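Consider the two complexes below, in which chain A is the common component and chain B and chain C are the respective partners.
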Partner chain A sequence: MSAADVWRRWLGGRGRSLGAGVLILASLAVGRVITDRLPDAESVIEKPIERRGVIGTPIALRIGDVTVTEVTGATSWASVSEGKRTQGVWLAASIDLLPSRRESGLSYAAVRDSSGHVWELGRGESTCKAPIAGVPMHCQVLIELPRRPISNAELVLRWTNFDDRFDDQAVLPLTLDQATIDTWAGTEGPIKVPLATLGDS
Partner chain B sequence: MTVRKVRAPLRLLMLCAVGSGEGRSGNARGSIGRAVVWVRDRPLKQLAAWLGALALALTAPFGGWADASHPPMTVVTADQVVKTGPIDVTITRIRANTRPGETFAAMEDGQYLLVFGTARGTAKTTLTNGELADAIRLDGVPGLEKSFYTNDYLPVTKAMSAKPTVYAVEDSTLMTALVPDLTYEVAWVWRQQAAAPPSSIDVQVQGFTWRQRSLDDYTGWLDPTPTAHLRLPVEVRPPWVKPGATPSPAASPTPAATS
Partner chain C sequence: MTWLRRNRLGLILLPVALALALAASSSRLVHFWLPYVASDVQKGTVGAPVHLEQEWIDHAGTHTRSVEVTIHGIDKTSVVRDFDGEDVESHGPTGTAVWRVSLSLAADADQVLRGCQLEVEDTEGRRYLFGSASTTPTDVKASPCLNPHEEGPEGDFFGTGPSTPDPEDRPRPAQWDTVADVILAGDAVPAKVRLWWEMPVVIIVPVTPTS
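The block that comes next holds the complex of A and B.
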């Protein structure tokens, strides 16, 4: 029996195992290449739905109607329990919230621009929490911003910052040009941040 | 495995090593042939296990299972900007105080160690996952608390595991997040259980890697690793005393001693 026959017999005995192993590894490698090349569908599908509006008009979210009534700014704010200063500016948005369900409120507030910058609550505050379904609430959000104009700025308000998948959020355009920022930077404040109030008044 | 199968490889090894004197080349060829036949006759699982064991054994000259060595750290100076990835950090001074300010509980059995510096967010989005606290660590300091008010004080060998609490110096409020494009004067604060603070401390600045975590597909600034360090002296300051209170002989009446 020649050496080739011996090796052929050896491979024949173990060929199935080796072949199966090679096929499995090849399939895994090809599958990995395909999934790496294809775009991620989940991040597109799960993105929160944006409901657009302007200051003064109600925006209907699944957690209730959100109306931003006023946007101001200064370099400091003070609530009943604490106060904060900044080297930048504080944006303060006054909000009327009419909750449509028990689990409601606005724990996520951010300013974003067209370059991908996002300024979230951070050291800021939201008093739009623990509302009562059907009872109007008047509250505020405060966001810290740098002392420079922000082009194509938008205010984003959402129920929670923990999980935004399949949720909806209110988006409003903001004017944060040099004049506005300079005015806010020159206002020492402090912006008064009382507790949220309930009712129609 | 039978006795015969155990003896067979030993016999083969001996034949390969020693040979049989005269006609050695012929015997060597026969030995190699018998060794090949013997290996060929092994079950596939056994061959795979031996290959795996051989690969593991070959790791020994290359460090084996020891941790990979970190790249050497850069030595920086006070006020020098260190880029960590999402944050540009400078370190300016270190203070020790048994009560830095009104919002701090007085320490009877130790002191607060405050590393002052600046932090500027260079990432596009707000940093909310503790990156600011992970940017700084103290090395070689005994008795550091693992994190605020846990009363878990660490030995000197685990000092790098102690996580600071970060405050904004301007208004003494907690810095839990860092927004883009703003520079803050901050203090990284640890509690230390020791009779006296060290005379100087080695402060390490940690850099981050932007990657996706395979466990939960979270993408962010991960793997804090020391990239730069500096040694600064520690200045002991008098504790904060409530205005109007009678100062103790050892304390100065100056309030808000957070600088």
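The block that comes next holds the complex of A and C.
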């Protein structure tokens, strides 16, 4: 028996298993190519669901309806107990909140731009806390921003920063161009930050 | 022999294997979800005592909470019970109503019962937690389950050892009546009272308002 015959016999007896092996390797390779091209599963799963809206119209979140009624700015704000100045500008958003399920307020507020910068509450304030389900609340959030235009700026509002349930958040476009920032930088304020009011009054 | 016949054992075992795989991957549910939600519900009825038993841990070790809770009913109220145990005139913002849950509890004097939470759920599933400080005056009593100055022992949650009791404190009786005043939306109709110390053990008692 020649060497070629030995090879032929060996291969002949193992054709099926070799074929299966090749198929498995091929599908593993294809799977690898697909997973490499898909975004990271964790970041997709953990990404909050975004409800987009504009100033003046209610945005329906799981926790209830959020309406940003007005956005202003200045270099200082004063609440009943404290006040803060900034070398940048303070953005103040007035909010109508109607919680639908429980006492969920807005503990997370941020401004973000298209290149990945995020300005969170930091030294700022949210008075949108401890509402009563079914009772409208009028409140404010204050966010400190740099004194420069922010292109494609968006305001993000969510009920908590410690979200383990991949909840939804409200996203609104903001106009933070040179003119707006100049106006805010030239307004000393202080922006008045009263306690949140509950009820229709 | 058909393909189905040849593979019948495999086909029968396939759903079993699937079920086993699902069960095996359910550890996250058991470890990270069920202990933190109301997964152990003790359902009760108005006027009938419900026994709650639960293990809890502090720096002194593992303890067993054993307490009997009776929900007697829920009514609208114009007063709230303050931190001295007095009923004071009260009102909430427009569009709200204050409701009073009447309840009684029974427990041994050494039971740590501070940290109790009470919530009223309305017919639409909206939830109202005791302690929402929106009533005027805001100085309502600290615990929905306990009477001021009769709150009993504290747990050692910070490793600081036994705390010195307030000189105003009296011993907690073996059985006591109390109230929990909860602020609801004006149009809310109470449907359930939920009471708990630590998840996952929760007492739920369906209620029908009498006023």
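Rule of thumb we're sticking to: the second predicted complex is superposed on the first by the 159 of 201 C-alpha atoms of A that agree within 3 Å, B and C clash if a C-alpha of one lies under 4 Å from a C-alpha of the other, contacts with A are read in each partner's own complex, and residues count from 1 in each chain.
Everything that follows uses one rule, which is that a residue touches a chain if its C-beta (ideal position, glycine included) is under 8 Å from a C-beta of that chain, and two chains touch if they have at least 3 such contacts.
The model shown is predicted, which means the values in this text are computed figures rather than measured ones.
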{"item": "Partner chain in contact with A:Q87 - chain B first, chain C second, else both or neither", "value": "first"}
{"item": "Which superposed partner A:A110 touches (first chain B, second chain C, both, neither)", "value": "first"}
{"item": "Partner chain in contact with A:W119 - chain B first, chain C second, else both or neither", "value": "first"}
{"item": "Which superposed partner A:G134 touches (first chain B, second chain C, both, neither)", "value": "second"}
{"item": "Partner chain in contact with A:L145 - chain B first, chain C second, else both or neither", "value": "first"}
{"item": "Comparing the two partners chain B and chain C, which touches a greater set of residues in chain A", "value": "B"}
{"item": "Contact set on chain C toward chain A in their complex", "value": "92-96, 125-129, 132-134, 183-188"}
{"item": "Chain B contact footprint on chain A (complex, rising order)", "value": "6, 10, 14, 17-18, 82-88, 110, 115-123, 144-146, 148"}
{"item": "Of chain B, residues touching chain A in the complex", "value": "40, 44, 124-126, 128, 168, 170-171, 173-184"}
{"item": "Residues of chain A touching chain C in the complex", "value": "100-103, 130, 132-136, 197-201"}
